[in-house]
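So that you can tell them apart, the chains are marked A, B, C, D and E in the order they are listed, and the count of residues begins at 1 in each.
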């Protein structure tokens, strides 16, 4: 067992543990924090997979940005939040159906991936993959890149439109 | 515009003109609505008379490019070209004349409609366009198109201008016939998809020509043909209607306004006959043989079932509804015989029942209008107050029970003549229906017109009489059939007698069609 | 003249049409239209008869309807039989038209009555002229229509309504037999023409079984129309119609149509032993059966009606015994004397306004014309020698004897005894003794008496066209000379005479002289008496069997229709609507439920795929 | 880098127009004084869409073009479906122009350009030959749609709709992306053509099939077909009517575009373990067939119980998605043609119906179907138009709906063996749909009129109604108008890269 | 380390996210679970970029796009949630049930 393997197991364990903990916790803030562990674990895995740039982005965006805005959202909406409140929806049936379906789905997929192997070792991935990614983005994937910029614009405007409290003056009009 | 298009679409002019008439101007509406049914009548009669003097109906065929469904390189130019095609032969001509005649008479009888007359006439004319189109169409798509026009028009006519349970009846009509049409559409789609044409003649040729078989776009196996024919027959069995798919008919007969029932019982049910002959026997003669026995049995069941149920009804409209079921059974009997006599009988019976049912419902309309009820148990002795009306009613009953010399007999005779050749025992069982027909029609009509004047409605009569002259309460007076009602009734009786006395009138146009059909059946 | 035979039925048809259109305007004058039309018919019929005397036949056909290669024709033919029938029918009809002028005077639907009479006469003449079965069937039914309309003439009476309906339906039952037989015959012989059918019978195209079957089926039609057992029950009820109608239709013409039909198809029947036997047995049974019922009836017209049934049974017996001539002979004489009896009965009813013989009596003096004429009729029907009935009945008895059916012969003899008994019971109760009714009874006007006188003469004279003494004119005429009178044993005539006289004597003892108490039978055999009075419970039997069965089935089907057929429809629509509401309830507004459904769907698809290894369906 | 500059960007004119219009409108909205009405923005957006439509039409004769390794493709397919998308978008924007926000909210200029952005996403979906571009494009549409659904900010229903849309959309996106990741992993490329070629040699049919199912479920969210249909009624009901019209037409069209692009290109020639080893798509046909059948049944049956017009049309749109999916499941030569015709007809009949519903909602403040009662009395023409749309939706001949549905039927039965069961299900459920469509007709024509007559239709709605009615009638009576356009695309012979 | 290990991990995380998204009551958590699902997918992409059929950095690009879109979705989702919260004063997803049937 090599060092990478050990690292993989630790990181995977962290990621899964974060997820499972999240499912078990009752406090919303704790849940988010638990997921940060997962996100960080995933970032570590990206490093193992020679995707340093993605790992950095992962840390910045998920462990950072998204977690923060989620926490903000929780704070913003946390007027009567009560930790003792029920944290899961629906009845037993709903959860059972969800669990069984998810489990069945997972098993079936696992059956497919358990020995999936293309024999590639991925050594060809350049160490400076940020540059490589840049090249791809600005040549091959120019168009989707532009579209994503539009999406972000839309998300920006949309978030403002939806979240902004309409001023009194506007409502009077 | 060509002759047939003119014939089919001429009521459209009426619809357009009606749109500009004020809603309250009922006189103009009635006048215009009736007048709009005259052009098709004249044109149809013209064609009928011309065809009698050796005019070849094929000359009337029309065909224009309409739509090209697929333009793929691996299809021939003709494939999937759906054309606007009209064309008639003797068979369609008979039904067109029937439609045109009943259309005008129903428009005249619509005097009794009091509410929303404008919309009523617009839809009535639309219904007539649909019915004429169904018989004039020379291709499946247009046949279906016109068929659905009748579906929508009938739904609205029944649902808006019908009796107390009109909407239920309208929905019943819609669902049963919609299902029939849907099934028909699937069959049409299969035929069009696999042959690349919707034209009757081309389809006929393609389906029967072994050389063309190879040119089908996708194969039509022998088994598939049975399924297709089964689908067709089932679709038309709903429209006929065959027991046990008849419940909608009963409701429509009872709830729809009588002039609409004139057209419904008179023409719409006959689309089933037409369809079964034209498509069933016309396109799948060999396969039809396999179904013939079942059809004949179903026909006999229809006859007896309808007749036995008609025996028990206390509502005249119900009696007539079940009698329609019974009479349409004769059509099935004729088709099940699958010989010339049988097919001819099916057509005759359709025309005859069309006329008779129209007469019956014309009179039912008058009865409902005058007395306010058509409940047999509440009526009686009407012949005293309304002798002329009662005379017509009696004639209708006699026609219903198939009295020789009237149209109904000719249909029953020919149909049974056909079945006696192929399945005598079954035919004999069906002939028992003749007895029941006598029982139910006489029971219903005699209970209304003969016997004592019932107390229950005497007051109605008295009341009505009292309005006119307060002194004559003791002698109830109801207005007898008036001239504007008597004229359509008389025309119908005259036609019923004409067909009954000289059926060759109908047989002549049919002769060539039958011959072709019998060739298809292999002698 | 014979090529114009088609005009014979045309006159009454014109009368019908004219009266229907203008009758209300013409009122009284309507009678003359009818009388003139039938007179013209009669004259034309006589012309045809005269032409036929020349010995030629005539047939003409037109296309009625084409079915593929088959052409159904309509036309007329003149044979000895129908030329003779034309005259009989037209003649009786004419007399009844005249008689009705008096009888129906004052009825507000006077013209309608004449219109109906015209329709009936047209149909009857048309039936007689038909050269083929189909046309015969058409007129056969039209005759039924005429009868129906006339029975129901007093439409406001519930009894008339019921009687009319019953008459139509009972005869319809027979007609369906006719219909089936006719159509079967058509496919066997490819024709409806009598001649073609006879040819097929002759050359064996028609198998013996089919011959018997079709003959019996057609005979069912005759049973219905001629009021034979077991379809006779309508005929007594039909007496609800006006009396001239009873005379014309239910005595002289229509009811004889059954006999005529069998006679017209005689070669078909002759070819089948079984069919002949059936006809004979039905005829014989009906003769005695109806006669016994006639013994106890109290309605004057009903007695006559049962007597008609009985006499028609005689005719059938004659046909079944192979004596076609005897049947037609009896048909003719019966037409005259029974018409006479009915008209006379009508005259009595006209005078006393009741039909119950218990309320009559002592009318001999009050009705100086009617009473003797009735007596003539009664003597004739009773078979008293020298009256027409004697000869024709004798001929039938002889035929039955010669045919070897001894049982039927004695049955007929017994029926003859009963006939003379109940006829004279009637006579004595109505015309002798003290008057049991109040009010004045006046003799009828001349328009009524006149036809009765003519019929009275014929009730005697018509017997002499076929007698053992002067020669068998009728027989030779009907068979184109081939007829030869088979010598019947002389004792038959003697027995017949004795029997009829005994019957009269008994009636006199019981009702005239009253030495035998009237309740002799009812006292001694109350059950038997009741049995007869209730017409052997045939009507009740039908009510409790056939009617009940049909009613049961139709009630059953009504339930099937309402609950099973509609139930299935309801089930389907109910299922759809339940599915709709379930689906709608499943849409519970929970976003996560929607997701869960999706994931469950995904899982199902994936698992099925994983388990089946991709082999779907 | 050179590729970027040498590419034939003029082929993206319609997209540029839409994007430019959106940006310009956005800027105008920003600088416009607060008190000015934003309605003209919607007219401007509609004009932009029409302009783009004209530009697309002008490019019909052009040869197929591929920019940057198929990340943008302008083939017949793209042009054909862009026509529908733009027509639907333009018509929906006409509805936006007459939108009357209720419950104290005010008209929002964002509505117009958000819809343009969504339209842009849809158009890009039609034009992409690359997995990544497809994903990003459809996400542009989806994210914009979330915003559109929530635009009635003060209405709880609208908030709820947006929320449900986001949650279900997120799950769908994740599932689809999961599927895409396997497709990507098995092939190592995002170009659809390359993927197809790679897949022909793959020896992982099981994983491929799993990817197929994941993608199918993901896409079924956009199509609103079983099993991912349940969000649609809630979102359709809660969203503003013009947005609902947009979702039911443009989003659905985009979904089918995605379906065709992805599945036909990638899976048609991929190996499978199923009944047809040569084609995964064909061996998965039964799955699609079952889903299509279920969609038709559920959509039509549940619609029977709806009283809300928007909800009813939502279920009806599920049902129509079922019909379309059935057309796809048939996989006949008529597949793309018949879907195109159907979607075209659907644009006209559905937006027409929504335009009138929008008016009813504007006027009465409620979308209960009783609001239609007696419309015929006061506004006979409007009632007649709605009647026409409903008949067309029901597939009655003489309308576009029939022609379209008939072509679907042809597709279903022309294959060997034919999909007779599916055709029958389609026929029968169509009859079920008669009940609720005719129930609206009953309201229109039979019921007594309500007291207050509706105002006249405002300009935007009346334009939309007239155009839709014309379209519905034209395709119904002169179908060659549509078929001739279709023929221009050469039956999509250049569809596969 | 083999490909399948990464894929299995991704699958587990995807399933956890999916289960959480279907059962958690707090909308924020539901949204974050969706993020987790997308993250799991990204592991797939990155793993395939290294061990897939044609290893290459375009797998990373796909993952980056996915992250961007996930962020956009999260933003809009939270905005929608805040709008909802403003009107209903709750963030529990099962209380968003006024639209149904």
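Here is the rule we go by: a contact is a pair of C-beta atoms (placed from the backbone, for glycine too) under 8 Å apart; a residue touches a chain by one contact, two chains touch by 3 or more.
Given the structure is predicted, the values throughout are model-derived calculations rather than measurements.
The minimal number of chain-to-chain contact steps leading from subunit A to subunit B is 2.
Taking the mean of each chain's C-alpha atoms as its centre, the chain lying closest to the overall protein C-alpha centroid is B. Highest inter-chain contact count (C-beta pairs) belongs to A-E.
At the far end from subunit C, in terms of centres built from Cα atoms, lies A. If each chain is reduced to the centroid of its CA atoms, subunit D and subunit E end up 25 Å from each other.
Centroid to centroid, with C-alpha atoms defining each point, subunit C and subunit D lie 77 Å apart.
Centroid to centroid, with C-alpha atoms defining each point, subunit B and subunit C lie 37 Å apart.
We define each chain's centre as the mean of its Cα atoms; on that basis subunit A and subunit D are separated by 30 Å. Contact with two or more other chains is made by residues 132, 135-136, 139, 143, 146-147, 150, 153-154, 162-164, 167, 171, 185, 206, 210, 233-234, 305 of subunit D. Shown for subunit B are the residues in touch with two or more other chains, namely 175. Contact with two or more other chains is made by residues 89-90, 94, 98, 102, 105, 108-109, 111, 113, 116, 140-141, 144, 148, 151, 154-155, 158, 161-162 of subunit A. By the document's touch criterion, interfaces exist between A-C, A-D, A-E, B-C, B-D, C-D, C-E, D-E.
Considering their complex, residues 108-109, 111-113, 116, 138-144, 147-148, 150-151, 153-155, 157-158, 161-162, 166, 169-171, 173 of subunit A touch subunit D. Those residues of subunit D lying in contact with subunit A across their complex are 1, 3-4, 19, 26, 34-35, 67-69, 71-72, 104-106, 108, 110, 114, 117, 120-121, 124, 128, 130, 132-133, 135-137, 139-140, 143-144, 146-147, 150-151, 153-154, 162, 185, 204, 206-207, 210.
If you check the complex, the residues on subunit E that touch subunit D are 7, 10, 14, 17-18, 21-22, 27, 30-31, 34, 37-38, 40-41, 44-45, 47-48, 52-56, 58-59, 61-62, 65-66, 69, 72-73, 76-77, 79-81, 83-84, 86-88, 93, 96-101.
Considering their complex, residues 65-72, 119, 141, 144-145, 147-149, 151-152, 155-156, 159-160, 167, 171, 174-175, 178-179, 181-183, 185-186, 189-190, 192-194, 217-219, 227 of subunit B touch subunit D. Per the touch definition, subunit B reaches subunit C in the complex via residues 175, 243-244, 246-247, 305, 308-309, 311-312, 340-341, 344, 381, 383-384, 398, 401, 403-405, 409-410, 413-414, 416-417, 420-421, 424, 427-428, 431-432, 434-436, 438-439, 442-443, 446, 449-453, 502-504, 507-508, 511, 514-515, 518.
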